[in-house]
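First chain written, first letter: the chains are A, B, C, D, E and F, and each begins at residue 1.
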């Protein structure tokens, strides 16, 4: 089971103007093969399908608890995209063509189908697919996959970072480089526990420190790269500390586990867009709605 | 953000033998166009992309909190499928062809790729796709979609129920018919709040009461069909009681909101399957692993 | 523009029992790459996209008018599939599992999604795709494509014929072998008109006469293989007689054009299937509906 | 069966210059999930698969006859796209790169595969898919789907209208907003007949009158929004008047049924494009072709 | 550039009868995500896209030369599938339904489209997709991917081996387990060269020796697991010996490189199948063809 | 079996600057439905699946040997794309956004996933699919398909040529127009051998001589259009001279067969791209790597 908290993992810069084509490339980090939808669903299904949950509890706890964090990552990338669409159109009569700029943007679904918000698809508009999930049931192979997947995801984040100067995109990527970094180490440590082979010595892949990215350095300095949360308040998943222990191979810092989840920040408001008919509730209808909502039945 | 609890929504019957072809049709309820992956992701994206979260808070709260429940539904169907694969193969030397029966089963991915567990795909092996998500941003249209989606999902559940006599499958479907029923009513009520039109009078769609299904009747009798949870313990999403109020259109019972989430049941263990190399950890390796896990670093 | 007539091209045998797996293979002839959806849409788009409609009118008329016939072919295959699903389930309480046999049938979409009727997909459940349409705009290349497409479609029909003994399937295929044969000749003749090369000498492809199929022989004997209709009653598309002239290369018969369309036969009724909730209208609801339909407003 | 008439539903403005990126977004209205290919095929398959055609004739007649109109809509959008590609390239030697501008346009298939004409795909180049068809066999559910589908299609049309100022695109959309509007009302009325619930009170969805669009207002003024045709000349489908009766919920006008179809307008000619080798028939070849076409055999 | 030799890598048992459903599961090893089409195309594209071919020549040589071997693997699996379809149908008049058994087999494309031969698709009939290719350009990440891919491919082979007792399938899989094993080691060694981390200590993944499979043991005994070929006769790709050196981590045997390629075996003949019209050349046509082939022009 | 030679078919111009959008349209010639991946895989599978290899040896030899050439074509187009991406980004700190231009280019996968190199996909980013392979087993139908496929491929090449002035793209296309021309003639001749019908009289399709393209004329003058290679050095596939004989229908030149393959040219080096972390090996790591590579074990 999952509970939900109405908070976002970080405070996203909310600027006056976005950048629609930046939004379209950030989609790769959401619905691409190495996007957050993939990390989320890979770990979710692996946790459902795990054989030997009791006997191999630390491994199960790891995959299961990271799943919960990945939901927050999906939420974060989605919110970033939403902010990046700000200011592409204008309000006005349909015959003024208030969405005229959208015609030349890269992702037209965002304008025609989604009212300038995020999609479960990638930077070329292709949908995320369930066959991006790898769940072989073999512990070592699944961990090896996850280690590879996280390194691939890191590579994509680094490249998208280099494609846009927009502060909202960069803040999100900076943060996720650091948190994704913990997952790379976590799966590397799990692989070491399972096989005795220390693959952390390959890191970082690609060979560039998170600190080379301004927006990641801040979070590294705050020590965000050393902690794993259990994402649970009643004692589940605590055995991740059997794996998440010792030193951070990059910084040499001590790794530690925190029960529960971070406190979180306010989720940005998305303004009404009359030219997209979203949410499409005028003042009059709002009155009627408010009355119905307030009514006792 | 999401938190995770290591519990399943109901207690699933865990029989000695499953039914591999039943598992393959139950996949439609997981990764099909009208499966739980679709309800989950539709509401998740709609909640991320919601315009006017503050002004239209009861609607936002509804979509956002149901998202959390849907995760639990995905988990439940996935666990059901896993139990339904029990007993298809046998343990033995590779040259005895311990997976020989699998060759004639409907879903071969489950045996070759997933070690007899669930996939993010449907009853014909096609992957769930991100373009099954509808998120127009227009409040009325999104609610209308959700109402339709839930009715479609109910229809598929009813038909799959009729395709198998396996108690694990039926118990899961019985429960989800009832809980899905609350979502149908919830979106119907939301639509009424938004437009003044009462579509609950169309229900049930299809025109057969949940009580016609043995495994659903039990949950109806327990009143599971009258409650919505907030799936949150710190006061978020409480405004769903502005929408979820009055009477259950089917039973005439009083509807009520409960803060938090149900307590849940133990998640079934999945045994080791040596013929699938899952988890593929022999006694010797387990010793070494246990030692590494217990070591202080 | 298109008009519709409530008739089917031939009289389909309507037996007590169908054959669900036969239905699933017949789907290849409907929504497969070489199915009727493909011939329909290829010619439809080519007719919309035709450059030089006036100057090259006989060619345009040919592609445009055959489009209309292809709609009737889609309708015929669809109706065949619907009849082939007869008798797979039984009526009864959901807990009797009235659809239990469906679990082991090849196409589960037909039972879960479509209530035992046809789908816009193929024999493996994959959907028909718009990129099966070829429309290059180059007259010779489009005709060459169409000639190839029809030969491929013929091959698939011949093989599916050999896969089932069900009279409904065979009657439909027998008829379509003959009518498809006219389209092969038509595009061959058009290619000859456009290039001077007579490709009818390659025919038949594969090298087996339609008369080798019992259910095709009948239609050949009736001369169905020598006529093209204009599928129009106000004089459009008559210039197909500039191309459809001379002899049938197989039989040596005279080819001729008929204005209008054949008279057609009654479309089979599909009975109510309570276990599929289709149409799901009980006697009581029917009463209410009838009253509303009859009301003056 | 279907007949074809060589006419277009309206007179499309045929300007000197199109707008290739406008063409690419208009594709969403043709081959997108909510495009005309979807409405066409949904109703076509539902009419083929209808259970209880006789008993529920007014509903069958409605779905069956609207199918015919949708063909005309597909034809209209396709022709619009073709006109929108005008003037993107120029004629000239291949080494002058006459298609050089195409390289930077959004839809390259249109230039490489289709010679600047329409595709059975959407605004991102993804093909239309057969699994966009919903055909559950349950009357109420299918009608609810169709009502939702039409509202979604309307939303997409409204947004694409706002994305381009090109008169050809707008004229087409203006007309289709009005005709699509009749289908929304038709399915709403059918739903009322079937369930007693009047959903027309939700309309319009989105909440903006067709009259807010200059190119739609004209057709509304002409009363195009109050009529349904039977698209048949021999008395089929007349029972739609059991459903299509009473008042237009938007205008209060009287609804009426017309047997047959509208008279239609000339289909625009598409000029030869030598740089696309379309149709690729030079003067010399044309001579030879003409001779062959005129020959008696 | 590639040259081709008309030989197969091993001698495949050619039995009287195949097993059509075994053929359909073997397809996973050909066109599945972890099939030979994937290893082939991954290495092919990585070799084309390699940055620093000169400086990192041993790595380039490795990826480039293994590509050539993978073609042979694709050929081998394809031939195996072809032999596995033997004996499914019978010869006879179409009206005897000589392909009647095919209707109930898992892969109908093989009968309708491919005349009982292999497809570029997987065990559920889904096509191989170009996005299965991973080619990041980052040396370490690509090698890590390849190591993972080969381990995944091994797992699938082991499971398919257990699904069928047919000697042709097993012989092919036995051989490929051994040869695939060399590729696992090769990428492990390359990864060690690139990063210093020895991942061979994780092997085998899954943790079962090739020798546990009768048909693999033979090839292990012959030392097939210790050699890499250059697949070239003019001295290219020889630098693979900078990586392929030292000991086989499993057996402790000495690894060695052989210039050129193995000598190969006769490719099995596929008999004519009249009921599939393949090749569809009767005695008469053959006469005419032979004459034309022999003619001097 | 296949061998590999480290050479490219022609010398590709290697300019300082490429053109990223030109690269994206050239992708159509690689991974599009009519791209080189399609010709390669069609002939490869047809050669694997060929029935009657001995009896119909000249046809088998033709399809089998052309397969080998197609690999070289895939390699050539891939290398062209790689050169066309030159100069899109710049080297620099991630926070300088060295990939900022990529955000507005057509194919973002090339930057995020592939480090500015080729993909197994088309000009809209859609992956190449295994169901582009046609392999019916019927000799005449397969040859007809191949003839059509090659004409379609030629059309796409001609159009892409007209879309870019970049010399690398044009040189590649010029060469492939000529070599593709030999394949068109080869399949035409094979079709004549098989059926007696001479389809070369339709050529060229489209009706424009290769000599109208500057970069093709050169290769025509060199006689590249008259030769077929066997792509084998030990006497295989020589019977293609039973088909490839007589005159080139376009030029009237004598056709001839050459055993073996052309000598080939140096494959272009691809420089390191630090901003893509490709290959991502800094000077220090390179030292360590070199040492390991040189070590004796």
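Definition applied: a residue touches a chain if its C-beta (ideal position, glycine included) is under 8 Å from a C-beta of that chain, and two chains touch if they have at least 3 such contacts.
None of these values were measured; they are calculated from a predicted model.
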Item to check | If a chain touches chain C and chain D alike, it appears here | outcome: B, F
Item to check | Interchain contact steps from chain A to chain C (minimum; 1 if touching) | outcome: 2
Checklist entry - Same or different for chain B and chain E, when you check if over half of the residue numbers at their contact belong to both copies? => result different
Checklist entry - So which of A-B, C-D or B-E is the twin of A-F, meaning more than half of its contact pairs are the same residue numbers? => result B-E
Item to check | Contact-richer chain pair [A-B vs B-D] | outcome: A-B
Checklist outcome for this item: Averaging C-alpha coordinates per chain, one finds the centres of chain E and chain F separated by a number of Å equal to 22
Next on the checklist: Can you compute the centre-to-centre distance for chain A and chain D, using the mean CA position of each chain? Integer Å is fine.
Outcome noted: 39
Next on the checklist: For chain B versus chain F, what separation do you get between their C-alpha means, in angstrom?
Outcome noted: 48
Checklist entry - For chain F, what residues touch not just one other chain but two or more? => result 33, 113, 124-126, 131, 136, 138, 140-141, 155, 196, 206-207, 276-277, 280-281, 285
Item to check | Touching pairs - complete list by chain label | outcome: A-B, A-D, A-E, A-F, B-C, B-D, B-E, C-D, C-E, C-F, D-F, E-F
Checklist entry - In their shared complex, at which residues does chain D touch chain B? => result 33, 131, 134, 136, 138, 140-141, 144-145, 147-148, 151-152, 155, 191, 195-199, 201-202, 205-207
Checklist entry - What part of chain F is in contact with chain A in the complex they form? => result 89, 93-95, 97-100, 102-104, 107-109, 111-113, 124-126, 275-277, 280-282, 285
Checklist outcome for this item: Seen from chain E, its contact residues with chain B in the complex are 19, 21-22, 24-25, 28, 32-34, 106, 123-126, 155-156, 158-165, 206-208, 212-214
Next on the checklist: Touching residues of chain B toward chain A in the complex: what are they?
Outcome noted: 1-9, 31, 37, 41, 44-45, 48-56, 58, 64-65, 67-68, 71-72, 74-75, 78-79, 82, 113-121, 127-133, 135-141, 192-194, 196, 231-234, 236-237, 242-243, 245-247, 260-262, 264, 267, 269-273, 276-281, 285-286, 288-289, 292-294, 296-297
